[in-house]
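Presented sequentially are two complexes of chain A, the first with chain B as partner and the second with chain C.
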Partner chain A sequence: MNNIQLNDRRFGFFFVAPAVVILSIVILAPIVIAIITSFYDYTLINRSLDNFIGLNNYFESIANKKFLHSTLVTITFVFFVVLFEFLIGFLIAILLNQVERFRNVYYFILLIPLLINPVVVGLIWRMFLHPQLGILNYLIGFIGIEPVNWLGDPQNAFITIIFVDIWHQVSFMIILLLAGLASIPEEPYEAARVDGANAFQQFRDITLPYMRPVIIITLLIRLIFALKTYDLIYIMTKGGPGDATDLISYYIYRSAFIGLDLGQAASMSVILLFIVCIIIYPLFKYMSRADE
Partner chain B sequence: MNSKHIQLNSVTKKFQNNTVVNNVSFDITDNEFFILLGPSGCGKSTTLRMIAGLEEITSGSIIADQKDISYEDPKDRNVAFVFQNYALYPHMNVRENLSYSLKLRKITQIKIDEKINWVTNLLKIKELLDRKPSQLSGGQRQRVALGRSLVRDPIAFLLDEPLSNLDAQLRVEMRQELISLQKKLSKTFIYVTHDQVEAMTMATRICIMNQGEILQIGPPQEVYDQPNSIFVAKFLANPINNILKSNIVNKNNEIFIETLGINIVNKKLINLSQVFFSIRPENIYLESYDRDKTIKVEIIQIENHGHELLMTSKLINNSQLLYFRISKENKITLGSKVTLGFNVEDLLFFDITNNRRIK
Partner chain C sequence: MKTFISILLSLTFFSVNANSVTLRAVMENVPDTKFIQELLPDFTEKTGIEVEFEVMGYGEMHPKLVPSLTASKGSYDFMPVDFYWVGEFDKAGWMMSLDDMIAKDSFDTSVYFDSLMDLTGRVGDTTYMLPFYNYAMGLTVRKDLINDSTNQSNFKAKYGIDLKIPTEWNEYLNQVEFFTDKDNGFYGVVNQGGKADPIAMEWSNYLFARGGSFHDQNWNGQLNSKEALEALNDYISMISNYGPLGAESFSFDEAFNVAAQGNAYSYLTYNWFLGSYNDPDQSSVVGKMALIPVPGEGGLNGAWGWSIPTSSPNPEAAWEFLKWVESPEIAKRRAEMGGAATRKDVFDDPDLNAKFDHYPGLKKLLATSKNFPVFTYTPQFVEVMGTELSKAVIGEQDASTALANMNEQLEELAAKDGKR
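And then the complex of A and B:
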């Protein structure tokens, strides 16, 4: 490396330094503190790091039935949410990709749910779904359906939460997948048409292979965010009824600020972080390969 | 009659109010190397894509193999198409690219292997079979794209500027290969290009288009020697043709062409007062002694093409430009005045109002 390159590099560091400092304070430091805390018997009643207990918090977490239950609920939630958001999103993206008039209008309408704060989404839907006052029960009354207790019944509440999350997040899928579809060149389709491919064969042999990287990245990003779903639960069900919608993030929050056992909660956060890291890894690898 | 010829009847294509192909009709016989030639935006590619079914026609009809295919799906037309930018399937290797159309037609694996074997030998791409398109050079991609169309047994091969993305050397090689390929296969080729050299060297017939309309159809030498309009005379020229304007005066039985200062006999020009005429640079000679007529010019530019010199000169009496070619041994300097010779039979006359040839 010669002098000029070295200078350039120093100059580059100079530019990224503020961002690095801020990110260290707001992200890296809390993670480090959480990891440290997870090795101590640290509660909000006794806030001191003098009782080192090693991996005990982790053993307790893994043995904790409630933690395992919310893990299971989370996995089910993530699976259905990501699956349906992907299927619906892909279908709508394919349809929208063929639209030429008012394309921007549709884009804008699609973006609206994404622009709304999750807390507001939760509040809006809680009102829509209110058993006595909600507009949904009022409307289905017209076609003779008895009022449904959307959030009060354990089975219903879980499905309702999934539905609201789909409503809120499906646009994310549509927009990313639509961008992917729009970037596929026209010629391979034309070649396939001349080669004798019907619409399904074109989809299978051209669209899907072209879309593979976009699909992978979209699914992974959505998966990670779905794993961390918290605000929707906080507003709509508080994990209930019972523990029917007790997603992992919400359970961790409860352990920390209702159970007051911060060390325990920290160990569960670290486990969640670990899982997320495992999921991110292929994404990270894929993106760094795309750079080359 | 088991002719497979392709016929276009008054085919028109409009995009909204924009007519890109206007009332185009031609008849391509079996095993012809038919070239659609024209500048970019003249509608030649659109015409080809309409034959393939990639663009829908607005009116008219397309007949192939005695069947009206005007509104049929591309997959039911049994034509093969070679795209300008190859349009290979990037996620499939060469073997899969070649066999895709056969697989869709549910042809047995043994037959597919036979076909691929045949086509890879023909195009010398055997060693590329397991590579992905991204691992191929431009020339190799072109071969694979060609191979993909050859494995089928279509009624015609449609090629849309297949050589325009190749470098000059490769283009010449592929040109010759395509000519021999077409002879070997005895198949109809319909070929779109804007390169008049490709058209001249490869075609059995050239169809020259401009602004969505056909100007002239004929064998290469015929359209070269007998262009029916100024556009054709200009377009089929390498590198350039002389088109000049002149006042003409009718004196007794002779016509005086003012620009050239010569008298000729031509009954068709009797009632005209102005005319365009063309004379090709290769029909103008520095040695004027055994030519019909002469003209004095001043040299204003010399372009060295290596094997010859392209001279740009100015007519002394009215300063219109005249191009001519001389061998590189000649040592004519810029600004010198020379006398050039030409033959009257090489002059072609065009109507000043509609640019059509006066025959």
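And then the complex of A and C:
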């Protein structure tokens, strides 16, 4: 490396340094503090790092049936919301990609749910879903369906939460996937049509391969966000009825601010981080292979 | 000249400083906060002290307060404390003792209901708070239906007793059954069965009404009792047999709306809902609801207290505010606006009794209300109750198992807190 290259590199570091420092403070520092806290008996009542307890918080978390239940509920929730949001989102994105007129109007309408704060989404849907006074049971009454206990029955409540999350977040999938679809060149499709390929073959052999990186990124981001779902549960069910919708983020929040046990909550957060890493690792791996 | 300017500057500095004390506090977005906000100019005029409220929802308050309380010099000069937090705040040493200030200014705390002083006033022998407003629970029933002559004769024929404002628990249960007409969308009761606070608070009334209790003097759990089992069976029966669809998930506002729309005979709720029942914008049963003490052995108390944090930047000025806001004059003016009073003298005031015909009943209700266990882990125990009761209501576990779990966890938490 000659002097000019060295200077260039130094100059580059100089520009990147502020961003690295800020990211370290904002992102890395809280993670490191959480990891450190997880090894101590640190509570809101006794806020000191005097009592080092090693992996005890981790052992307790893993042995905690309620935490394991929340983990299971969360994995099921994430699986269904990401799957359905992807399928619905991809379908709508493909349809929208064909639309020429009023495209911006459709975009705007689709973006509306995404622009609403999750707390407001929860409150709106709680009103809609009120079994006596809500509009949903009123409307389904017109087609002869008996009123549904949307949030008071464990199974219904879980499905309802998935539905509301899809309503709120599917636009995110649509927008990202649509951006991906718009960037696919027209030539391969023209060539395929000349060769007599039908719509399904075009989708399978052109659209999907071109879209693979976009799909993976979209799934990855949505999956991480879904794992962190908190607001909707806090507003709509508080994890109930029973513990049917007790998602892991809400459980960790309660351990910290209601159970007052920050050390325990930190260990659960680290476990959650570990789970996220395990889930995203194959996707990253696949993505880097695709790039190569 | 230099000396003159120095003196002038010093005087200006001190006068600005003396007049520039601004007290800050986090307040919940409830009517009582709005009433005080309207009266604040009076305080500023009298003392020269400005007051700024950060008004927010209940859920945001605790996370907002804690970082300030843990700092050596916090952001808030005084704070309202929900009874849920009293144990935690006491254990953490976040509240300043008010005893010296009370003694110095001869502030009379005997005007408060004893139960409210026990809940949001004293901890042990130390006074950390002045009761701010109460949210004791009472039973609201449709007095127009009770006074209806046809209902009275039909009820007498069916149960052999008079239909009247209920004073006994079983009498109330009969009335709930009598008025339930699900086919026509009318329910004997609407419950707030949602997790965790709504169901835990409401069921506590059932427990007390049946003569049960949470623990004995040594914090041995009493939730395995016959009374507790009866109370839970009553609660499950109310929701499944006499209440509307979905009551298992209702919070208080959703349950209130069912009652306020005229679809339920009774709702066991916070006493300040009476004002909402009588507001034509919110209710179709204006003037038809009576607020009464929970029949049987009494209902659940609830209150907020005023406290000065140990991290308060201006504790003396904060005490001036507490004295003002809890003075007889301001307490009466808040009550006139619809505030939920905590002072006995407010309930004895002739003007207020002339204005509010429910005051005698409310006074009795406050005097007979019982307190929820107050200790460091009160919020956690509410969570435990919320989950266990909710599981029993939706049939995921039987009532005995739910009670045994609650009892075991109450004892565990009490032991963790050094109570046992």
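FYI, the second predicted complex is superposed on the first by the 248 of 292 C-alpha atoms of A that agree within 3 Å, B and C clash if a C-alpha of one lies under 4 Å from a C-alpha of the other, contacts with A are read in each partner's own complex, and residues count from 1 in each chain.
FYI, a residue touches a chain if its C-beta (ideal position, glycine included) is under 8 Å from a C-beta of that chain, and two chains touch if they have at least 3 such contacts.
Fair warning: this is a prediction, and the values are worked out from it, not measured in the lab.
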Room on chain A for both chain B and chain C (clash or fit): fit
Chain B versus chain C as contact partner of A:K238, first or second or both or neither: second
Angular separation of chain B and chain C about chain A, which is computed from CA centres of the superposed model and rounded to the nearest 10 °: 150
Touching partner for A:Q98 - first (chain B), second (chain C), both, neither: neither
Touching partner for A:Q155 - first (chain B), second (chain C), both, neither: neither
Which superposed partner A:S288 touches (first chain B, second chain C, both, neither): neither
First (chain B), second (chain C), both or neither touched by A:N3: neither
Superposition-derived minimum Cα distance between chain C and chain B (Å): 52
Shared chain A contacts, counted only where both chain B and chain C touch the same residue: none
Chain C-touching residues of chain A, taken from the complex the two chains share: 44-45, 47, 126, 130-133, 147, 149-154, 157, 234, 237-243, 254, 257-260
Chain B residues touching chain A - in the complex, by the definition given at the top: 52-54, 73-75, 79-81, 83, 85, 87-91, 100-101, 104-105, 148, 152
Chain A - residues contacting chain B, complex: 185, 187-188, 190-198, 201, 205-206, 209-210, 212
Of chain C, residues touching chain A in the complex: 59, 62-63, 66, 70, 88, 91-92, 185, 193-196, 244-250, 254, 257-258, 261, 263, 376-377, 379-380, 383, 386-387, 390-391, 393-394, 396
